[in-house]
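You will see two complexes here that share subunit A, one where it goes with subunit B and one where it goes with subunit C.
Take a look at the complex of A and B:
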């Protein structure tokens, strides 16, 4: 048996299977979120000071957070259903960690809405939710109900999460201090979710490329819904034109890597 | 650490003597378990100059770091987004990473 020298804990020396076993594990999730969520009740350190927000900006922020809540609820319901559909144990365990992440996102956004003076967040969400995002949520949950793992992972972890990942980063770059802190923890979680979706589908499509035809049809049907919603969110947060280009380009890069353009 | 090929099929980055070695320190990236945090850092945008042992993850835009100078063909992992990639030379001559599914 030959031996090789590797550096302590060098992740690049892991075998592919060891790497996948690690990053999909509950222990990996736990040791990761410990790094950026400890001592941050509702996603923010106690030391962060609330800065003055004028009425117009506050109103736009509430609209954005209400729509983020719709997206997070969709992902929470979707991920919970996907736990049962997962084709292997690693995916099942990972999807369970995503359920927890999505529940936390919903909770911190609801908490932020209350901090901004929204007395009844549920009613406000209903009032301000973009119909296209509500429709997308219905379409995603239909795919889950049909038991279609690939299509639901594509809709949830690629279309929804990739766009959320870009929008939350852009929002964090211009947000007030508290919202920025709340978004930072969510962004860290979204990295895992979007990455899981792309890699899970990428591996499956490498084995059976015929699945691309169906996923392209789903893309045609669903991505415009979400893109329009998040473009509106970028307008609400005052993102520059470059931000809109970044949203489209990062999403297109993802679907291109998957061969779905 | 010495490990056997039962656990590690092959080092993903060759350890030949012609490569510069780098001592890694944590740079504030806390999104992976502690023992792996020094292998990643946040990308600071287009003005961020990458070191010879660094490459940007095309999926999540985190900077991936290695203990050795990277060269085309090396395999690296992005733990924050669970991606596996191979180092390539980009159109501008700089090192980039392509996702391997």
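Take a look at the complex of A and C:
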């Protein structure tokens, strides 16, 4: 594919339709990921050296990765369902790029689990999955099954992606070198997904502010579930208390920008 | 099975597709490639090209809905991941064929009305038959319908169009080559994964065979409609070097529309029969020949 320097891309120079045509395209997706995925099999450069990890840290890492797999499977199933619900071609194509991103995340985390000596990742994921995360997955897929595009985008691309973006960044700051590399590519993707969610809902709510009431109700229903999930995730990665504050602050900033506080 | 599915990982897909045969392309072709001036200058030829491209968009939209819809029904992570790559492949096909409509002069505001105007009703019914199974969460029937019937048809249609446009329209030909490479992967997954699932669920065979029969009926009706609309001027152009555009023994440069329809239908049906047999299904002839 011909490389476009996405860093020099000026969205403000485009009309809204031209912006959507460019940003929500396979071409833009490829130009975006090419920079950070080329020559990185399973999300890591070959040159990165595995560092020694003691048993307790390894066990915590496996628990974190198992729960990341649950979250990414939820995101994969959710994004796949959203392809069907997307109200226009641009959104369908963006969601298709998100589908493959989420599948890649699942793949790199499963691969990392095997590198850490987990012989049967599927069974380990089932054993270590946080029940609250499994509940959140069910709630998200219910919204998708109901055909509620706005609510599902809010749950998936705003709530879940913002939380994952924050947890993965906190984790990357203390992770071993290989896990840090793997997380770096995932974080770059999550930023794009969260941006889509905020942009899509922001435009829709600016046209029809009445949707805010319904999204506030959904937020109230999901908040406790999601915050509980990520509190546990932060505990697994040994994040300091400031990390918990950062999580709350980034999430609240996002919902405030959408007028959903 | 795990080893086979590893060939369909995201990692492998990244290496083969965006970092492989799509490298240095824009919307599936070389950045400077253009539609031929003769085509753009002739209203009849341009309309025929729009009609053909609309059929490709309709088929790819169906494939996008089906592959994404099957992810939730997939019984294992590896199948989900393969279908994720297929979802993005199909979205790319929607994008590049939509872009071709713009290149042929369709205005962005007129896209949906153009598609509605030229979409073949039998092709729409073909898509609806498949999406009914997908919506019901029937993974085995969905993959047979999508990766064997739909992709098998698309693969052959793309090959015919690619052969016919190789010299006349290198831009369209290159775009098609990339999609053919994608479809080959999709068909391969369908055959491999479904074979084992059919063995586990033999009770599903009659229902799946009925779906195949119905989809085949609408496919043949679509071919019939398409070739009855062929403008003699818009037929594939002969290869400059050989004076031929050979497709399975038929010279597309000199063939009548009836001969082109026959070679296309026979090739697709031959593919169906051998692919279905490989997964343990028996090809069903449509009840009413189209």
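The rule is short, and it goes like this: the second predicted complex is superposed on the first by the 249 of 261 C-alpha atoms of A that agree within 3 Å, B and C clash if a C-alpha of one lies under 4 Å from a C-alpha of the other, contacts with A are read in each partner's own complex, and residues count from 1 in each chain.
Please note the rule applied: a contact is a pair of C-beta atoms (placed from the backbone, for glycine too) under 8 Å apart; a residue touches a chain by one contact, two chains touch by 3 or more.
As the structure is a computational prediction, the values presented were derived from the model and not from experiment.
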| item | value |
| --- | --- |
| First (subunit B), second (subunit C), both or neither touched by A:199 | first |
| Touching partner for A:96 - first (subunit B), second (subunit C), both, neither | second |
| Touched partner set for A:191, first subunit B, second subunit C, both or neither | first |
| Subunit B versus subunit C as contact partner of A:253, first or second or both or neither | first |
| Touched partner set for A:107, first subunit B, second subunit C, both or neither | second |
| Contacts of A:32 with subunit B and subunit C, given as first, second, both or neither | first |
| Those residues of subunit A which subunit B touches in one complex and subunit C touches in the other | 1-2 |
| Complex interface listing, subunit A residues touching subunit B | 1-16, 18-20, 22-24, 28, 31-32, 35-36, 165, 188, 191-192, 194-196, 198-199, 202-203, 205-206, 253-254, 257 |
| Subunit A - residues contacting subunit C, complex | 1-2, 17, 21, 25-27, 29-30, 34, 37-38, 41-42, 73, 76-77, 80-81, 83-84, 89, 92-93, 95-97, 99-100, 102-104, 106-107, 110, 122, 141 |
| Residues of subunit B touching subunit A in the complex | 1-13, 15, 30-37, 39, 58-60, 62, 66-67, 74-84, 99, 101 |
| Touching residues on subunit C, where the partner in the complex is subunit A | 9-11, 13-14, 18-19, 22-27, 31, 64-65, 68-69, 71-72, 77, 80-81, 83-85, 87-88, 90-92, 94-95, 98, 108, 111 |
